[in-house]
Each structure stands twice: as structure tokens, then as C-alpha cells.
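Each chain gets a letter, A, B, C and D, in the order it is written, and its residues are counted from 1.
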Amino acid sequence: MPVRELSSGIYELDIDDRKMLATRNMIPGMSVYGERLITEDDTEYRQWDPSRSKLGAMVLKNFDIPLKSDSIVLYLGAASGTTVSHVSDILTDGLVYAVEFSPRTMRDLIQLCDQRPNIIPILADANKPQSYAHIVEKADVIFQDVAQPNQAEIAAINSKYFLEEHGHLMLSIKSRSIDTVASPKKIFKEEVRKLESGFDIEFEVLERKELEPFHEDHLGLVAKMFVDDEE
Amino acid sequence: MPVRELSSGIYELDIDDRKMLATRNMIPGMSVYGERLITEDDTEYRQWDPSRSKLGAMVLKNFDIPLKSDSIVLYLGAASGTTVSHVSDILTDGLVYAVEFSPRTMRDLIQLCDQRPNIIPILADANKPQSYAHIVEKADVIFQDVAQPNQAEIAAINSKYFLEEHGHLMLSIKSRSIDTVASPKKIFKEEVRKLESGFDIEFEVLERKELEPFHEDHLGLVAKMFVDDEE
Amino acid sequence: MEDCDLFDKDPEKLAELVVQLQESSKENPQSVPLQRADLRDAALECGFVELDEDYDILLRDVCIRAAKSQISQTDTDDSRIIQAVEALDDIDKNVNELSERLFEWYGRYFPELEMTGEELARFVSAYGSRTNVPEDHEMSEKASSSMGAELLFADEELLRTFANNICSLYDTRRYIENYINTSMGSVAPNLCEIAGASLGARLMSMAGSLEKLAAFPSSTVQVIGASRALFKHLRSRAPSPKHGIIFNNPVIKNAPWWQRGKLARALAAKISLAARTDFYSGELDPSIKEALDKKLEHIRQANPNPPERK
Amino acid sequence: MEDCDLFDKDPEKLAELVVQLQESSKENPQSVPLQRADLRDAALECGFVELDEDYDILLRDVCIRAAKSQISQTDTDDSRIIQAVEALDDIDKNVNELSERLFEWYGRYFPELEMTGEELARFVSAYGSRTNVPEDHEMSEKASSSMGAELLFADEELLRTFANNICSLYDTRRYIENYINTSMGSVAPNLCEIAGASLGARLMSMAGSLEKLAAFPSSTVQVIGASRALFKHLRSRAPSPKHGIIFNNPVIKNAPWWQRGKLARALAAKISLAARTDFYSGELDPSIKEALDKKLEHIRQANPNPPERK
């Protein structure tokens, strides 16, 4: 079975002539959310379903994924940990701070944290980064997937607090959380404009693509902060 | 409130500028299937919903309805008696033989018969008229609404047994019971052809109209038997 | 018209007569001539009734009695099993939904429990608050270190009552299953032996009756249940069905994939034969099972390996 | 960096500290400077931990404990009532479905009974076969002349067990209702007085919490529940909703149609005020009810007659 590494810690497996996205399972034998486990050459892989993960979809949409094995990641909108578990697989020497707002969802996420040593759970509102600024350190990558109307603003204030000077912001923008009526294209344009010049920090957008067919009306985006010399 | 008699025992009421089909309630104060009761000039009427009754739809589609107050009616496919109850209202001096095949449905129909003296229930298969030929007399009108593939044939054999020489056959043909794939128009044409010349008795079709918008893919039809001199 | 005297006017007896006549003429279209004496005229003529209205009243009374008596006879052995199968399905569906609510509700107090369904309901019913879990219980450690909230007494009582309801429904479920197993053994012994009690009952339920199942060709028996899944598939997003419910039989389910089609055909043929034997004789015929086993063995031996890829 | 000595390495205490810091800084964006000491560097520098990995392990332990402790605190008084309301809805739905099955099943044996729901379940549970209905029972005549089939003993036992399950669910339903009534009186006394316990609980459930309900403008309170019906209307063929659930309050429901809009606005305003009072003070304030009654009376007096048709 051919295995190809698409990006650091992210693999493409060929099974019965069908390609499958996967990460190496940090806890062999343990399936997190019912996903398939495949063993090849003594290594166990976990299937990564791009239709259940914005990050997974971004991989298949050929984004340059800035995650390395030793990255520090701040993950905003961790939900019950489907994607976080794959990030955890990738960060064999790194750490992911997983922020989630709903106590009910955090309950499931904590069960995942109990098994995996590189996830740090934080029950908090991503709108209020000051409430977890005591704990979270500077991050190489901020990944954000929150279903709120002010997605760009949340990205900006968290980047101000936590993004390393040369770090990357990865964003999944859901148009329907911002406006249920307006056209997604128009919403995406406006959100990109905000990121580029709408706040007191500015971003350089490196890549942007819609995440269809995996996720309808979602834009994937990777950006870097402009480093302000005055600061 | 204006009341207009559309046909013998069938009324159109004008309520708040909306027209409503109705019959005079034989058992005042009693609603049979949750339909509305309206009293005007000491007479109680029962609303007759054409979307729940093929016969009701035929009235609103301006068919010439051959029912008189003293008619003898053979009703094939009586179901739980929604339409039969209105026929019973119309036949103040007549009688309706109500044939139904399903014991479960007959249970409900019998509750109706217990209240109304002019309905005679018969639990039998309309495909086998000989099984109720001991009981049923010659009828002025045969009304048939059965969801079976051989609808025309059932009409023919029952007419042979029970229809008066100058009596009327009223038929509701459901195309989807005959063929789920073929076009309703084509099916209706073929059924009419069968009635006109497909059996050892022949019918003269007096009126035929589709029952939309009250019932989709249903044809309403009124016919007379050709009286065969040899017989 | 002297026949009149043969009958008395007892509606009960007349109703019996009507049912008998109906039954005896049902299968024979020629039994009743088209040109026959009009019953109403005859009754009036011979003075059996005096007035038209008397005839109407008597006829209606007789026909209502006849229909009622026919209805009461529809409670056949197979129809009772079918009712039980349908009740079982309803209980399954509803007990699942109630169990999910219990899972959500009790999860606030012991999220680490990882139990669902009956196991969860029995646990909550037995212990209530996780502080009541005995030390030697395998969940004891999880209970003491749980992130769940403290369960107050009033809520504990509520949750236990609710869990008891769910346990009772699971008990009833089991009771109905036993009923089906027992009844199938006497009502349809051959079907029971060939298909198993549960699958046999379900086939009868989907066909509508043992009589209808017996009338199906075996190719139909093979896909019974698939059309239901097909509707479900079309309405919701359930996966599209490949086979009828007979594929739940271990003979098929545990077989390698390349043998399944052939085994299913053989099984369906014998199920069909078993249903017919049950309907017409009602006696267990061990030769059906013997023939089936032989046939299945033959198929297995003739197809030991998967076919080559084309 | 001498601060280090102030803390010991007990993860439990550190977790408490984390939760405290989080709570205290939540509402104040300026409380934490952008340029702040890196906790990891500081911890390593002052020797609080020796290695990077030690820091990771400790931090994770502390954060998991903090999150768990925050979760266990989410079991608030209003959230318990909301759980009960949701359980009530689930029980309603499922007990209805099970009752329909009992109606269908028992109908074979006593179709004339004309009972449904709890009444039917109590009847079947009490008598089973209709031959057991006592002579002085109002159904006695119908029972003896029924067209239903004879109920055999095995089926009777099954039906009674099933009916008992349904009765127990109705009992639990009532138990939960009482729980909601009692709890509402202490958790949200004003909301309870103005809207009634059941409607008040339902409003909280739909808003998500007492806090959220208190934050809604009264115009929103007036239509809570309508959007739910709207979704239902869009998905299935349910009728389109006209009003929110506050229209279930007798004040509105029993009013003539031309007064309803005005009364609903007044009621919604006071419900909103009541929710706020409950959330911020928790004490019953009788003046809200007095003001509401006055306002309602005023509306009734000012609009005695239906408006003229245009």
C-alpha cells in the first residue's frame, strides 16, 4: 500500500485504488470518533475525513499547511475534538491549546485530552482572549473555526495576543454565520478586506480557496501578520 | 348565509365569503371525522372536504351527480366511511351497500353504521361480487374507489351483477395503482378503452375529468351500461 | 317460496348464514348466477318481512352482525405475532430515544461513564448519584474522579424514576421477544426452524400474513425488507439497501461475500417452502431442514475461493 | 521572579487560580497587557519547573482540572429545570407513540372503547380482557357486545405489561411537572408568578438559560417559540406560526382576538422584567404582578369591542 507524506505528519494512503487522507495515530488502537484505523509497515494511521474537518479539506485543496511536528498551535473552536485529534497526531513534539466555549462540548474534548498528552483544553470564549492570556503562550499557528458573526475580529484580537511574529493564521470562514442572506462570495470578500486593513493589525493573505465540495459556503484562508516596526 | 343546492342533497354554503361544500347532517350534533358542523335555519350541515373525498371533488368538478334521495347505491372501497357518511346524508330515503376489504378499516366503518340506519356494511373483496350477491340488490348507482390494478375489471363485473339497466357507474381511477411508471394520461385512456369495449359488457362514458387539484393523478368518470338486447 | 319457513328471524343466526354463504361462494365465481331472485322481493313476497323498511332494518342488523363476527375472526395466530413484532419495533424506537435523553441528562453528573442504552438505565436505576457506586465496582475510580456535577437528591430521584421506566421497557421488550419465539414454534414451526423465530416473524409481518408469505415466490422472499430500506434511503439519507432482511440470518451474514448470493437464494427457496408447509399442513417437516443443510454445504464446497478479479 | 515561592505546585490549587484569573479578567479586555511575561519562560527561569516537558505536563494537568471544575459548575438551578423540560418533551413524544401502538393493538380486542392515551393505558392495565370489565363500569355494555376478538391469556398479559409501562411513563411525566413547578418557585419566583411555572420554564429552555432570557428585549420574548414552529413549518407541512409560546398563557388564550396583540405585548414586557429581577436579585417582587394586572385591566377596558371591518 503506497503511503505519501503530503505535508509534515499528513499522509495520503492508497487503499483499493482509493486515496485516503490520514495522520499517524499517536495512541495506536484507539479510534477517536469512529474513524477507520489502517496499519502499514508497523505504523497505524487514522483516516481523516475532509468532509468532517475544515483543516482536512484545506489539505486536499492543496493549501500550504504551516504545521510542523514541533509547532505550538492555538486552536479556536475546538468543538469535540475531531480535527484537534489529527492536529495532535501531527504535533509529535508540539502542543495545541484547544479553546472551546460550550461546556457540553468541552466534556467530550476533555475525554480526548485525558488520552493525549499534547492537548491543553481551555473552556473560554474566543472573543475574550484576555481570559486565557495567562495560560496560552505565543503560537506558531492559530487555527480558527468558529461559527460566529465576527470571525475576522476574533482572529485579529487573538493574533494580537498570541501569534508569533512570523506565525501563520489559518482561518475557516463560514458565510452563513456572518449573514444568512447575502451571497457567500461577497461575504468572503468583505472578510478578507477586514483582515487586510480593517483592524489595528493587518494580515497578508497567502492563500484563499472555497472548501467545496467538502464544506458548502466555507472559505479556507492562510495569512501572515504584517510585522509593525513601531511596536 | 346563502345556501345553494348543487345536486340532490348536496349544498354549497357561503361562509365569510368562502364557499364550502356540505351535506345535511342526518345525525345532528355528530361530526364523523372531525369535519365542521354549521347550522343555518334550523338545519345542520356537515362540511365536505373535496380533498378528502373523490366524490366531493367530482361535485366541485361539475359532474352531473346521479344520486337521488331514494337511490340504492353500491359503494365499493368504502374505507373508514368519510365519503360514505356524506352519501348516507344524501340518501334520506335510500340505502348504501358499503363494501370494504380490510377488517381493520371495516372496524371504523361499523362504528359509523351503528349510528346511521341507511348504511349496510359488507366485509368482502370487490373482486368477488358473487360473495355478496346474496345480500346486495340491484343498485341505481355503483360508486367505486378502490386502489387496485384491475379497477376497470372490478367495475365491470360488479356492474354485471348489480347495476340497474339504466343505472350509473361512478368511478375514481387512481393511475398509480395501475402503473407507477407510465403517464397518468395514457393509463386513463387505456382504462376508458377497456370500459368501452374491453369486457363482455360495455359502457358509455358520459363524463370524464381529472380530479386535480383535489386529488393528483386521479380520473373521475361517470358511465352508463349499454343495455344488451340479447341478454 | 315455501323456503321462508326454513329460517327464523333471529338476526344472529341469519348473520352466521350470511358469513357461511360468503365464504362458500368466495372462490367460485360461477356459484351465484347473475340472474337470481331478488332477496328483497322474495322476502316481502313470502311474508318473511312485511314492509320495505322492515327488510332494511333486518338486513342492516344481519350485515352488521356478520361483519362484526368476521372481524372478530381476523385475530389469527399469525396476526397476533405480527402485532407483537410491530409493538417490538415501536418499543425499540422509543426506548432508544428515551435512553438518549437519559444519556444526555445523566451525563451532566457522570460524563465519564461511557454506558448507553439498557446498561446505562440499569446503572442509574441501581446507584443514582455516582457517590453511591460501591468501591468494588469497576466504575468506582471514574466515579470518584468524575468532572460531573454533584447530583442533588431531588434530581437523583427523578433520574432514577426515569431510568426505571426505561428498564421496564427493556423488560417488556424481552417479554415480547419470548412471546414471539414461543408462538412461532407452534404457529409456524417450519418457518421457525428454517429462518429462526425472529426473522420468520419479521418476514410474516412484512408480507402481511403467513398466507401471503406462503404465496410469494422465493425470489420475492429473498428481497423482502429491501424495499422498506429503499424507501428509507429515498426519504432520508440512509444507505441504499443491498439485500432483504433474510441477509440477517447467520447463514448469510457469516458467509464469505462471494458465497452470499447463492446461499441467500437457497435459503429463500426453503423459507418459501417452509411457509407453505406451515400454512397448509402446520406440521413440522424435518426434511426441509435436511435438504437446506445439504444444499448449503454443497454451495460452500463448490465455492471455496473468491472469484478472480475481472 | 521571587513570586515563584508564592505558589506551590499543587495542581488542584493552581487550577483554582486559573479559573479565578479567567473569571476576573473576562469582562475587562484591558486587564491583561499584550506585552506580558511568558509564563513558560518565567516558570523555567525561577526554577518552578526544571524542564520544558515538566512545564507541559504541569500546565496540561492544571488546565484539565480547571476545565473540569468549570464544567461541574455549569449544573446551575436553571439548567436543571431546562433539562427537566427537555426530558418532559421527550417523554411526551414517546409516550404518545407507545399509546398509539396500544390503541392499535388493544383495538383488536375492544374496538368500541374509544379511549386513548393515559385513559386507555389505565383501562388496559386495570382490566386486560374486556370480560374482566365489572358490570357497574360505564363500558360494561360495550364490552359485552364488542365486535373485538377474544383476548387470550398470553396476549392479555403482554398487553397489560405494556400498558403498565405506559402508565409509569405518564406517572413520571407528572413527577417531572411537579419538579418543574417546585423548582421554578424557588429559582425564578417572579417569572413563575408572571408567566406561570410551565411557561416560564419553557421560555428559559428556549432562551438557553435564565441569564439569556433576562437579556432578551421584551419584543423577542413575545415571539420565543415561534421560530421553532417556523422551522417545523418549513421542514414539514405544519401550519405557519402566528405567535410565540406566551400565547399559551390564559391571559392571552382566553382573551377576545382583538385584545390579544396588546395583552401579549404587556405580558411580554413584564415577563422580561420578571426574568431580570429573578436573575439579578432572586427575590419575589409583588409589584410586578400588581403593575401587570393594572395594565391588563386597562387594555381590556380600553378595547371592549372588536374593531370595525375595513
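As a convention for this text, a residue touches a chain if its C-beta (ideal position, glycine included) is under 8 Å from a C-beta of that chain, and two chains touch if they have at least 3 such contacts.
Just so you know, these numbers come straight off a predicted model, no measurement behind them.
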Moving only from a chain to one it touches, give the least number of moves from chain A to chain C.
-> 1
Contacts shared by chain A with chain D include exactly C
Average the CA atoms of each chain to get its centre, and name the chain whose centre is farthest from that of chain A.
-> B
Take the average of all CA coordinates in chain A, do the same for chain B, and state the distance between these two points in whole angstrom.
-> 66
When the centre of a chain is set as the mean of its C-alpha atoms, what distance in Å lies between chain B and chain D?
-> 50
Geometric centre distance via CA averages, chain C-chain B, whole Å | 34
Residue numbers in chain B touching two or more further chains are 107, 110
Would you please write down the residue numbers of chain D that are in contact with two or more other chains?
-> 67-68, 71, 74, 111, 147
Line, ring, star, complete or other: which one describes how these chains touch?
-> other
Every touching pair of chains is listed here as A-C, A-D, B-C, B-D, C-D
Sites on chain A touched by chain D in the complex | 95, 103, 106-107, 110, 113-114, 117-125, 128, 130-135, 137-138, 160-161
Mind listing the chain D positions that touch chain C in their complex?
-> 67-69, 71-75, 79-80, 83-84, 86-87, 90-91, 93-94, 97-98, 101, 104-105, 108-109, 111, 147-150, 152, 154-155, 158, 161-162, 164-165, 168-169, 171-172, 175-176, 179, 182-183
What part of chain C is in contact with chain A in the complex they form?
-> 107, 111-112, 147
Complex contact set, residues of chain C against chain B = 18, 21-23, 25-26, 28-32, 34, 36, 38-40, 56-57, 59-60, 63-64, 66-68, 70-71, 74
Provide the residue numbers of chain B that touch chain D in the complex, in ascending order.
-> 107, 110-111
